[in-house]
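Look at the two complexes coming up: chain A is in both, with chain B in one and chain C in the other.
Now for the complex of A and B:
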């Protein structure tokens, strides 16, 4: 009799579940996949677009990957309109921090503020939760490169590699297998980084590999993908959202790991 | 006001709340018109290891040298040193505000700390906003720290004017000490050793004691380096008033 307990977000079911939150997560599991992989020199974010048409103006159409700030880029999975509201809020939050403290907002604080907002909609107000999960990739001077995953419940956690959206469990298990896990803890004067042994190259390769296995179209192409990386340039975070040409180049470079269409 | 936000019936989600535009009326607004208990000059400059700063231990009540063991140098967290001149009650208000800021940081418990640049920005914003309301905090602040290996030395005053420089001095210090600092320190901030810095600083404070009629020879100095903030105990400057005997005129 789940029906009785799922129309209001603010109440528990007898089994202690919040159905609306779960339904939101269900919505996300049908959305375009987003993958994030952390390396010692940066983070790769890749996403599958679900809206594809020759008529779409690709270069102006941002569906999955958005810059939050000079030091944070995020991939979204779920309801696009919900995602837009949250992106706008996050951007304003990050700018207010910069205005107040003359310093870029630490990544975790931005993610936490976003998640506190999402949590509010599961406890108050009688409104439905946001049907969006995020993968936030960012850099700050205290903790270096970080990748956070957040869900409609307002939970967030930090990952070395993560996946949200369609086929995420499939992707997650591949990532777990293939991610080079040996790490050294390095403590610099101001930067504490968990020294992943993955290089950017490894991360890009792994991303392509996982994408090819989870996206169920015949062939990976830049039409279906959005790609971004965050790295350091001259000690400052640098976000690069790839153009379709650049995506094609990446796919070409790592075509050895991309499963060819006929052998699937 | 804060608790109303949590009422489940009235609850409006944080990003949809609009604060009322009209301020509550409690009668005529009182504005700061003049400083009452005041501190005089603060002198600071960059040297090899960081920044060194000094201020005397006096809080004057007009021409009365009223409080002679006053602290006008304070540490903000582990990384920032603050010196103040002007109204002492306004300084105490700022101290409380900064205390709240640090408490918020502690509560967040996320391994992040506010750098000197951020503390400087917060103070600047407060000072400018107060001046815009016509109710200034009647102070001049000197803010110093070492952020990621970079030495930072800045100034904010009651107007909200800000600037950063190798050497800064407030009040009479701007007239009497700044020329000394410009001659001895500007352009060689990375060469000046701590020993030399202390000598230069003491000389500036001595000159100020001779000429500023609202100063005291008992001073404190402080330094901020990559290792943090250190504020010294008070000590008295040696002065030589022998020349006084040779003065003629004005009742001699």
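Now for the complex of A and C:
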């Protein structure tokens, strides 16, 4: 029965579902985990490279974390090849915006343009949807630090802490438990309760903690991880993509929260 | 009168010992009428590569915006900053794309490469590259600048001597050109960083 409705992306099933889009999301939930945590003064992104053969040449470049613009860095879960074309397009879009308006593209606008591209492939016939989700961490002068999640359907949403990829529901529940939010009573009725109680250190620590519980490995190491942060430096967004030695330093610093998987 | 002389400009780049300098006047005119005396003609491309754009002011601004876009895309794609030599070929390519309807500028590029080696080059308005070991000049005062540079420049100048040489060459050259002048800006690019100085000349 389902066969009649899942071979083409643009056809609804009688229950009102788009099967190809759901399959794409299913594919992503088996991809390497990507975690993003927002703090007062920056955002931490971490990604897991999934186990491959040890015969495979270790790539020097990042496979999961890419700079989209000077003020946006993105983590990728899903088909790497699909992600590449979307990232190239996003970079071009951001630069065209800069050329046109002589000011950096606001984060949400870039995410929306990216999602518009994804959405198109769930509506126009003959093609499959993009099999990727993104976590976009960015800063702009209007809304400050922002963390967005996007899915193959072209939905996007803004988060204080988010996770995509394998074990994402697990990770999300830990994030929900451990994330220190702003206390609601302090804010008046008309004050938007943005911001968090987290510092960058807290965010890094929480990221390590969640990684250790979601990734199925005996010991976390820089071989399978990628880290990036976006902070402000002299009033300008500053993206730092960690080297493998820096990742090992972070893991060592927060060793206490990273419990070995077999002790649980 | 050629459109290259419409706004007026004088830009010079010089190579020294482990350093390069690029200097430009600040005048923006419309033929003989001076409109602005603080017009930017030299732009940073990376931490250690600068481009000077003598010529038609509207094209100066447009080209800088386009360079910025292309260099940012390069930076994100390659995950490294662009080398001055690579950048000059990019500029040359962008100019020759407009072979039969050119931008009216003669770009001058100065920078240090990844081995801290000085690099300077210039090109004409359709992107014909001109590599030099000593100096590159451009703008309405270029004839005067050639004369000054030929007599003042010597090999292996340090950052301080290079600053003195390039400043004197530029100031003397613009004093004999009606379309450029009104003060100048000098950038000295060294492995440790860039020193930028504004200098006053004859303000008339």
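Operating definition for what follows: the second predicted complex is superposed on the first by the 240 of 264 C-alpha atoms of A that agree within 3 Å, B and C clash if a C-alpha of one lies under 4 Å from a C-alpha of the other, contacts with A are read in each partner's own complex, and residues count from 1 in each chain.
As a working rule, contacts are C-beta pairs under 8 Å (C-beta built on N, C-alpha and C of every residue); 3 or more make two chains touch, one makes a residue touch a chain.
Bear in mind the structure is a predicted one, so any value in this text is a computation, not a measurement.
Asker: Tell me the contact category for A:221 with respect to chain B and chain C: first, second, both or neither.
Answerer: In the superposition, A:221 touches no partner, neither chain B nor chain C.
Asker: Report for A:169: first if it touches chain B alone, second if chain C alone, otherwise both or neither.
Answerer: Once the two structures are laid over each other on A, A:169 reaches no partner at all.
Asker: So, does A:70 touch the first partner chain B, the second partner chain C, both, or neither?
Answerer: So A:70 only meets chain C here.
Asker: Which partner, once the models are overlaid, touches more of chain A's residues, chain C or chain B?
Answerer: After superposition, B is the partner touching more of chain A.
Asker: Going by the contact rule set out at the top, does A:125 touch chain B (first), chain C (second), both, or neither?
Answerer: After superposition on chain A, A:125 lies in contact with chain B alone.
Asker: After superposition on the shared chain, which partner residues are touched by A:102: those of chain B (first), chain C (second), both, or neither?
Answerer: A:102 contacts both chain B and chain C.
Asker: Quick check for you: in the superposed arrangement, does A:143 touch first (chain B), second (chain C), both or neither?
Answerer: first
Asker: Enumerate the residues of chain A that count as touching chain B in its complex and touching chain C in the other.
Answerer: In the superposed arrangement, which is not itself an observed complex, chain A uses residues 102 for both chain B and chain C.
Asker: Per the contact definition, I'd like the list of chain B residues that touch chain A in the complex.
Answerer: Residues in contact with chain A: 8, 11-15, 108, 110-115, 117-118, 120-122, 125, 148-149.
Asker: Tell me, which parts of chain A touch chain C in their complex?
Answerer: Of all residues in chain A, those touching chain C are 61, 66-70, 88, 91-92, 95-96, 98-99, 102.
Asker: Taking the complex as given, what residues does chain A use to touch chain B?
Answerer: Residues of chain A touching chain B: 10, 89, 100-103, 106, 108-109, 112, 116-117, 120-121, 124-125, 127, 140-143, 189-190.
Asker: Where on chain C does chain A make contact in their complex?
Answerer: The contact residues of chain C facing chain A are 65-66, 68-69, 72-73, 76-77, 79.
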